[in-house]
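The same chain A turns up in both complexes below, where it pairs with chain B and then with chain C.
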Partner chain A sequence: MACAGTAPFLTETRTGGSLVHRLDARAKILGFIGFTVVVVTTPARAVWAFVLYAVVLAFLIGLARLPLMYVLKRALVVVPFVLVVAIFLPFFHKAGAGGYSLGGMRVSGEGLLVLWNAGAKAVLGVLSMIVLGSTTTFPDMVSGFERLRAPKVFILIVSFMYRYSFVFVEELRRMQRAMASRNYRARWLWNVPTLGHMLSALFLRSYGRGERVYVAMLSRGYEGTVRVLGGGRFGAADVAFLFVLLGAVVVIRVVSSL
Partner chain B sequence: MARRPYTVIEGGPLLSERPPAVEAAGLRFSYPDGTEVLRGVDFVVEQGESVAIIGPNGAGKSTLLLHLNGILRGTGDLRILGLPLEAKNLREIRRRVGVVFQDPEDQLFLTSVAQDVAFGPANMGLDRDEIETRVREALAAVGMQGFEDRPAHHLSFGQKKRVATATVLAMRPEVLVLDEPSSNLDPKARRHLIDILQDLPVTKIIVTHDLPVAYELCESALILSEGRIVADGPIEAILLDDMLLAAHNLELPYGFAPPSSLARKRARRL
Partner chain C sequence: MHIPDGFVDVPTAVATGAVSLGVVACAVRKTSKNLGERTIPLLGATAAFIFAAQMLNFPVAGGTSGHFLGAILAVALLGPWAASIVMTVVLVVQALGMADGGVTAIGANVFNMGVLAVFAGFGLFYLLKKVLPRTRSGYLISFAVASWVSVILASAAASLELAISGTVPLSVALPAMVSVHMIIGLGEAVIATALVAAVLAARPDLVKSFDLPLETVRRAPGQLGMRLSGRARFWSFVVGALVVALALAVFVSPFASGSPDGLERVAADKGFETAATEQPVWRFSPLGDYQLPGLGNEKGATAVAGLVGTVVLFALVVLVGRVLGRRRVAAAPQTAGARPIPPPGRPSDRSGTS
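What follows is the complex of A and B.
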């Protein structure tokens, strides 16, 4: 059975005791989502505004004492996304002003601006979500969203997904071990049916699990709504955090379009 | 040791005046594919009793268990705490009958131990303070204080089993139904769970084929075989009848001999 420390497959929130960690989940959710929305609406030409946003985030990362390498590693998820944009770059705005020649292909200035726009916004958005995710435990996040009146169905789906992903991964591993113990190695195309059987077995097991969980819920009086215990209180520090963070980015945003 | 949340009410109604915890007569159940699993089950469990339902694999034990709080509803007469098993009584029956399932993974589905234990009391519509009290008490009753904020996947199997028990205890059930409580537990975890269950002054119905556990926790036993109750009596009488056990594909572990009633009482007092 899965015990502590045997499931590195799914990474979890780093625990820490910094000021940012201790804030109410609702303050952080509103703050970082607000931050992202403001960033996304900023005109791309205001390069200095993006630099300032990055400074704000860097300050928060420092305040939360998150290791820089950890944050950067996680930020790599935007790379494929930005690459896709970059691939289409030469085909954008063919007649744009101030183009460059790149190995026989013309790259337009407008196209570069699109890349910058998408890239900078993606990186900042992802970084802010990383700070949110790294300073808020999953249960806190769920209860934060719940208390922000997110639809209950979403809350349930997400929390079940989180809970059972660990069970699922453990089941998959047991199955792999059982197959390896009988000298199974996926070698070539004729091994595909085995993979199919494995996936269908996993599906059936998950389906059965779902049924049993539902029965266990009914047995404890489930009638369609899950009432989750609330977390802490929305205190002065939370108000201050939200006010300062959103205040700062809104000012940058307003000045950027002057 | 923390204060026990479960106390027997002094001056409560006499045993004989209270309706039986479970009263089944001619209970039958078939799955949609036509397999008849329960073929006329008759038995009575009085309140305050501890009864083991033992039987080989495929005897219908799990199916019967799912009837005790109305998850499955067969034909025939079934009364739980005097209430007929009807749609309008389900809510009350599920509040008063707690079921601890075999696989704790099925019973722990929320993001932390405290949330899982609070699930039942919250469904009962209790207020927040009361829910928190119940969570604290239930976790204390199974010796899992301090684990409130842990996610279930960080617990060992034995701990999960204890928390799963707490999720049900938090509802303060009058009847506790346990499906294979000792399966997959190592001796220490098994001992711990037996001690916890032994101390709970509620009606207990234990579905198992771990006969020593049944012997320790229950005064009487029912043998369910091929969808029928084939034996019903004091646990010593049933466990000492090797012919009966063998006839229903059951046997005591090698070398195990149930101590006599007297020795059992003495052992318990120590």
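What follows is the complex of A and C.
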């Protein structure tokens, strides 16, 4: 999805003083991924369970003091996917006798269930990742994964990617601005070579800069790990958070399939 | 193409996740073994680049757009194992940091874009490099074709997974996804090829898969990839579009949904379908219901009908375009080639509209 505006990149509202922001990254990673996994395995017919999941998330969003409009705006990424499913519905689950009529198209109850299933789970999943992503700084997230024993290559690549992505995105924005200020807008497939040249220049320029950054790091004693002070402990609050969040959703999940 | 949560069911998510996990674990082992001094920054830079480039939507026509995938680009720069890791890293960061693509669908997304697109694309790239002449253009052509196919494969796999999960119907979703991505893949191929050509010209040491002597890529500075004149660009687009349309007509149309389209469905519901068949507007419609008469095989007949129809329609559009174009040229005789240079000191009548 395009997000070529002027909004800050990867850094919005990640530093805040709320309870959720202060939790250990490991607790949040496990908690929110666990939440999403449980939500996705919930049978779609248990509508009330999804309402309860949404309440849990809303509580967390409130606790983290995230601006509601910001959260909802970012959740819009799932809209095109849900629309695609909606478009296919009339071709898919042909309505028999007990169907519903939607503006001339007839859709079966089963078809609507498919739409509800995909839509509700996609929205809840996206919301939970938004809460995780907007309460955890990227370096915290990486060190969380490191201490959850993710493979070292991954950690190295991700931390370099994070460092370089600012260089790349800034460079890309600069080029897009230059393009826009000359009133150029690629509209047809044969404008694509222009974008190809632009991306080529972007890659070469940014890679050259990235290389210099790396050499500078090496000359300052970098040897594969970034040492951080403290690093944080997995305290009582983290245990409690994980226990309460996962406990609540597991209970909802178990009751929903009774 | 980033599948969100809830769109794949649990068995599909687990199966694709298991395959992806196995392949990526193998890739981690292979890559960790030979990590050179400059490997990690190149991996990180490629990941960051693909991450940034996937935010750049490119146009297909009018309003629709697709985004860059970059799997074969990573293969060309890093080899398939490292490419698979880089694509996985990008997908994981997108899912966790940007909420793009679901966490529980990560297995499926990695399978489509980080395993299938990477390894099938690599296989094709390798084969084509063997078959085609060992020159710079042979290399770039194999690269372009592999890029195009990798996008199509990833989209086909995504629609298969959604269909197996019961989220979309296969008979509609597969042709729709594949045909859209045949066009998106063209954009991908052009961008990625221009990029590799540029990197080859400036920094051939970064392109791991380039195994020809470096003299073959030293070209005049500043010349990146293709430079086509306006006319050549137009005709290459026309030919490309025709090839895609023909490929679509021949390969995809036979598998298109046999169920009636929206209008036919409504017609059947309201009971005026029979009226239509009894009184055809044009009695001797040569390709009735998109089938050629006299061909036994139904799918074959649909394909041939699609081929004929596409060629005829194409000829018609070119003809109409020429006629209309000529009229416009007649109305405005001063086009790009003969634009007068405004004398200095006098405000140009074109200012502000270019």
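The rule we apply is simple: the second predicted complex is superposed on the first by the 190 of 258 C-alpha atoms of A that agree within 3 Å, B and C clash if a C-alpha of one lies under 4 Å from a C-alpha of the other, contacts with A are read in each partner's own complex, and residues count from 1 in each chain.
As a working rule, a residue touches a chain if its C-beta (ideal position, glycine included) is under 8 Å from a C-beta of that chain, and two chains touch if they have at least 3 such contacts.
This one's a predicted model, so the numbers in the text were calculated from it and none came from an experiment.
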{"item": "Partner chain(s) touched by A:126 [first = chain B, second = chain C, both, neither]", "value": "second"}
{"item": "Partner chain(s) touched by A:183 [first = chain B, second = chain C, both, neither]", "value": "second"}
{"item": "Contacts of A:58 with chain B and chain C, given as first, second, both or neither", "value": "neither"}
{"item": "Which of chain B and chain C A:193 touches, first, second, both or neither", "value": "second"}
{"item": "Chain A residues touched by each partner, larger count belonging to chain B or chain C", "value": "C"}
{"item": "Which of chain B and chain C A:139 touches, first, second, both or neither", "value": "first"}
{"item": "Touched partner set for A:167, first chain B, second chain C, both or neither", "value": "both"}
{"item": "Partner chain in contact with A:39 - chain B first, chain C second, else both or neither", "value": "second"}
{"item": "Contacts of A:159 with chain B and chain C, given as first, second, both or neither", "value": "both"}
{"item": "Touched partner set for A:77, first chain B, second chain C, both or neither", "value": "second"}
{"item": "Touching both chain B and chain C, residues of chain A", "value": "1-4, 138, 159-160, 162-164, 167"}
{"item": "Chain A-touching residues of chain C, taken from the complex the two chains share", "value": "3-7, 10, 13, 28, 31-32, 35, 38, 40-45, 47-49, 51-53, 55-62, 65, 67-68, 85-86, 88-90, 92-93, 95-100, 102-104, 166-169, 171-173, 183, 186-187, 190-195, 197-199, 202-203, 206, 224-226, 228, 233-234, 236-237, 240-241, 257, 259, 262, 265-266, 269, 354"}
{"item": "Residues of chain A defined as touching chain B within the complex", "value": "1-4, 7, 137-139, 142, 159-160, 162-164, 166-167, 209, 212-213, 215-223, 226-230"}
{"item": "Touching residues on chain A, where the partner in the complex is chain C", "value": "1-4, 10, 29, 33, 36-37, 39-41, 74-75, 77-78, 81, 84-85, 88, 90-92, 104-106, 114, 117-122, 124-126, 129-130, 132-133, 138, 141, 151-154, 156-165, 167-169, 172, 183, 186-193, 195-197, 199-204, 206-207, 210-211, 214, 224"}
{"item": "Residues of chain B that touch chain A when the two form their complex", "value": "66, 69, 71, 91, 94-95, 98-99, 101, 103, 105-112, 114-115, 118-120, 122-124, 128, 131-132, 135, 149, 151-157, 160, 167-168, 171, 184"}
